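When the chains are written out, they are named A, B, C and D in that same order, and each has its own residue count from 1.
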Amino acid sequence: MGLKEYLNDIVEAVVTTAKGMRITARYGLDPKEETTLQYPEERWELPERYRGFLHNDINTCISCNMCVKTCPMDCISLEAVRGADKKMVLASYDINIGRCMYCGLCVEVCPPKSLKHSLGYEMASVNREQLILRFVQEDASEVKARVARQVAEAAAKAESPAAGKPAPPAKGETKE
Amino acid sequence: MEALAISLIKAVPFLGAVPVWAVALVLMVAVAAVVLAFALTFEGVGSLVLRKVAGDIQVRIGPNRVGPNGVLQFLADGVKLILKEDLTPASADRPLFKMAPYFVFVGSFAGFVVVPFGVGLIAADLNIGVYYVMAVSSLVVIGILLAGWSSNNKWALLGGMRGAAQIISYEIPVGLALIPAVMIAGSLSLQDIVRSQGGLWGIFGWNLFHNPFTFFSFFLYFTAAQAETNQTPFDLPEAESELVSGYNVEYSGIRFGYFFLAEFGDMFVVAALTTALFLGGWNIPFFHAETLPWIWGNLLSLGVFLGKAFTIVLIMMWVRWTLPRIRVDQLMRLSWKYLIPLTFFNLLGVSLWLLVFNGKGIPAMIASLFG
Amino acid sequence: MTARPEALPTQEMTINMGPQHPSTHGVLRVILTTDGEVVTRAVPDVGYLHLGLEKIAERLNYSQFMPFTDRLDYLAGMNCNCAWAWAVEKLAKIEAPERAEYLRVIVSELNRISSHLISFGSFTADMGAFTPFLYGIREREKVNDLFEMLCGQRLTYNYARIGGVSGDAPPGFLEKTREFLDYFEPKIDEYNNLISYNKIFVQRLANVAVISAEEAVAYGLTGPNLRGSGVAFDLRKDEPYSVYPKFDFNVCVGSGERGQLGDCFDRYMVRINEMRESVKILRQAVDQIPEGPVMAKVPRVFKPPVGEVYFRAENPRGENGYYLVSDGSANPYRAKIRAGSFVTMNIFEKVTRGLLIADIVAVIGSFDIILPEIDR
Amino acid sequence: MNPLNAQAIFDTLKGKFGDSVVELQSEGCSPAYVVVAPGSIKEVARFLKDAPALSFDSLMCLSGVDYKDNFAVTYHVYSMANRHSVGLKAMLPRENPSLPSVDDVWPAANFQEREAYDLLGIVFEGSKDLRRILLPPDWEGHPLRKDYKYPESYHGIKV
């Protein structure tokens, strides 16, 4: 190593260090450069398309099972029974958001667009049970029993000559 | 200390019966306590400032949850370190493992004793001050080596070995870079060295401006001292991205805390030495601190000294958050091929300068030109 | 690098680097045999993050597997998404509409930038400078904001679809992309000033783990690692797919500017320069993007014809290939994923012989590996 | 740079190796692949790499496939010099599938062969280092086989 190279090394080290330190100093002294968001107090604005927790509007859900079939993680479970008016009645609709990977495939295939991503993203819980979102508030067996009763009633009505027209459509069991 | 004790006994009547050594001992303990309190405070605040500086440079905020704007963060850290479980690995060499942090801490803390904080503010104005600092700071090597060895962890061992090699290598350039200041003052006592820089409005008397060689000496010392105290570009013994955490990887709780405090202690000692040896120490610009009333002189000089030292500490932090880490063979090369030859060259230059110009620096020569 | 007198017999030491180690970029385990600090042998032990993606693919249909490709290379999810879509489209001979192709290129290049930013950041952090990492993260966040606007997620995008993309660019997306490009381009120079040409950084990387061009090809290195060895091979240019032929950009190759050709520094610089080229492509794509639909007509129950296809796309971490075997059903019969990082690890043992422990970190960083891609 | 099409590559190989090269399949396949007798795969690979007109210097992808009746190992090779690519396929019997390793022709093959060995149980004879790569060394079975039974537990941990 020649003397020139030797001195060159020293000069280069000093110059490049100074260059770097100028940049860090600029960022250090400029308070506008801070980018941290103080999370619980400040939040960033979520875009329209944000894929947060899934939410199913069970009033419009037609229990078609598309979301269940398309879910790669099998995190949606749906139970439905055929109501008195031949429409499906949801007995239970659970989404295990502990398994959900928010891919949005179920939302895309939903024919009535009842299943949507909400903007929610905060749901820390200490047990996994709480990570299962239940959209039908009633117990599944209760719904089933009630629907079965309605079906039986409708059948009875249809059989009796007095009742000429079909039973009124079974209302969705909705109390979201 | 003895002289102070005697004068104290003379001044305070009811101490007359107490033997001189007892008073001196009490005084020593008191002074040590004050210095320790200062050191611990600095180390706490230093860690906070370090994190704040890091936050600023890295476009984030830094600690801001404990106390207003995060100023009590260091207390929280301290409490956490004290309360955490102090683990000892099952296969560690227990006595050595337990002892190592004290070596490191003592090595760093003992340096505070000769730091000239002000006109009369020095715990012990040793006549071998500079070499005392170098000697006690070498104690750190033993601590790091012990920690690395006794942890019975290969990463720690590598860290300890690196630390030993590094600190021993860099003792030489550090020592050689300090000698110019000693030569100019003609004394190893830090107070004498600071006093020798008092002239010429207290700024141009600094050794930094004495002659070109001392100017370079300052930078050489700063670089070498960074390496000797394992600050970042040279933090190889810890090297968290290579050796996980190096020699202190197995430590937790307060024992880790000692390493942590020692790191900041070293930082301050280096900054204080830089200030005292090259930047005029406690000399107040345009004043003679010694001519002021005792209390004012000391307070002002203390302020000036701490101001300078903290500036140096800030620069060290700034460097730390800018530069990447050097490799172990390059570290050795830097010491033996660059710093040691350069410090020798500088030493030669300063000696010749002092010989040729009869001990006068450039500012003094310019001043004498204008009468 | 180190000449050791044979007269001094020393014992070799086996060190376990990883799976928990700050610089192994995840759960890579390297079994180091060292002589002091000098590594005599470094054997990578992979598989700690084995996801069984290929097995999963066999029980899902083609579109259901799309979200899993996000997990393949989580720093470049968009690239993997698009590569999967292109591969399946090649198998089924579907053509996505042009606007969809443009959007795919836009997101791929944006993702390439953000992935290279992480690579740059984590590499410098491995080298001990933590600050550039956060600068890189800051810019990456801006890319993530764009992606969030486009597809609603910041990491696992699941944006591409077989036959198109899941959604058209929302209003303002292209303008924001342009804004980002204007903001980002000067930052690359800043990175160079801050760290790339820093003496210590250069010294750490120059002449470390030199891979010659022949070796790089023989060992199947792809992407920036291959180009770092001076081989000008870029699938976007040499096996053009999608609308890449319409754009004017250069293939960045290592030049050996600070040491031997093919060292860690060259691989690093290729990535830095590639960000600039991506900006160039993005500017053209954003300007030229045509109007039109973003989804082709694909039957809901999608069954590609019987056949076998190997498709590869240029991902930030090299060639991302999918070997698809279709038996005519809705699920792939076999989906082999060829990932850049996995093949790159092959050469690891060879190039790390005789390096220092600190260099091992540099090599891992310069290969820019990502573990889910290795372990799949 | 002189890219050849698959037919030309097949003809060259057929001329050189005769019966060891079985057929060319291009129906629905991209790239088209040449079916090669497993025993001669190494010679074919060596020839593909060394013949200047072919010079397939890069192994893109090596995959094992379970075709239920038999196994196959597919090699996708590419020539950096000539910019052409072709697939090679060796069909193996279901019982004791094994074929020569090509890792000294293309070093890139090593990890991918290990992967095929690990996940499908195909043995590559003469491989430098044929160990399980993704799964633990004591894992039983080869998961990518179509008849793979998922284990109940591994070292007492429920799978």
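Brief remarks follow.
One rule holds for everything that comes next: a contact is a pair of C-beta atoms (placed from the backbone, for glycine too) under 8 Å apart; a residue touches a chain by one contact, two chains touch by 3 or more.
If you're wondering where the values come from, they're calculated on a predicted model, not measured in any experiment.
Without chain C, the contact network of the other chains breaks into the groups A, B | D. Chain pair with the larger contact count among C-D and A-B is C-D, by C-beta pairs in contact.
Compared with chain A, the chain whose C-alpha mean position is the greatest distance off is B.
The mean-CA centres of chain C and chain D are about 25 angstrom from one another, to the nearest whole unit. Between chain A and chain B, the centres computed from C-alpha atoms are 56 Å apart.
Measuring from the averaged C-alpha position of chain A to that of chain C gives a distance of 29 Å.
Chain B and chain C have Cα centroids lying 45 Å from one another. Residue positions of chain A with contacts to 2 or more other chains are 9, 17, 20, 23-24, 27, 35. In chain B, the residues touching two or more other chains are 57-60, 321-323.
Multi-chain contact residues of chain D (touching two or more other chains): none found. Interchain contacts give a graph that is no line, ring or star and is not complete, per the touch definition above.
Listed by label, the pairs of touching chains are A-B, A-C, B-C, C-D.
The touching residues of chain D, counted against chain C in their complex, run 27-31, 33, 57-61, 63, 65-66, 74, 76, 80, 83, 87, 106-108, 110-112, 115, 119, 132-136, 143-144. Residues 53, 56-61, 64, 318-319, 321-323, 338 of chain B touch chain A in their complex.
Chain C contributes residues 46-47, 50, 52, 54-55, 90, 217-220, 231, 233, 238-239, 305-312, 319, 321, 323, 325, 333-334, 336, 338, 342-343, 345-347, 375-376 to its touches with chain D in the complex. Contact residues on chain A toward chain B in their complex (touch as defined above): 9-10, 17, 20-21, 23-25, 27-29, 33-36, 38. Chain C contributes residues 1-2, 13, 15, 21-23, 36-37, 124-131, 134-135, 138, 194-195, 198, 200-201, 203-204, 356-359, 361 to its touches with chain B in the complex.
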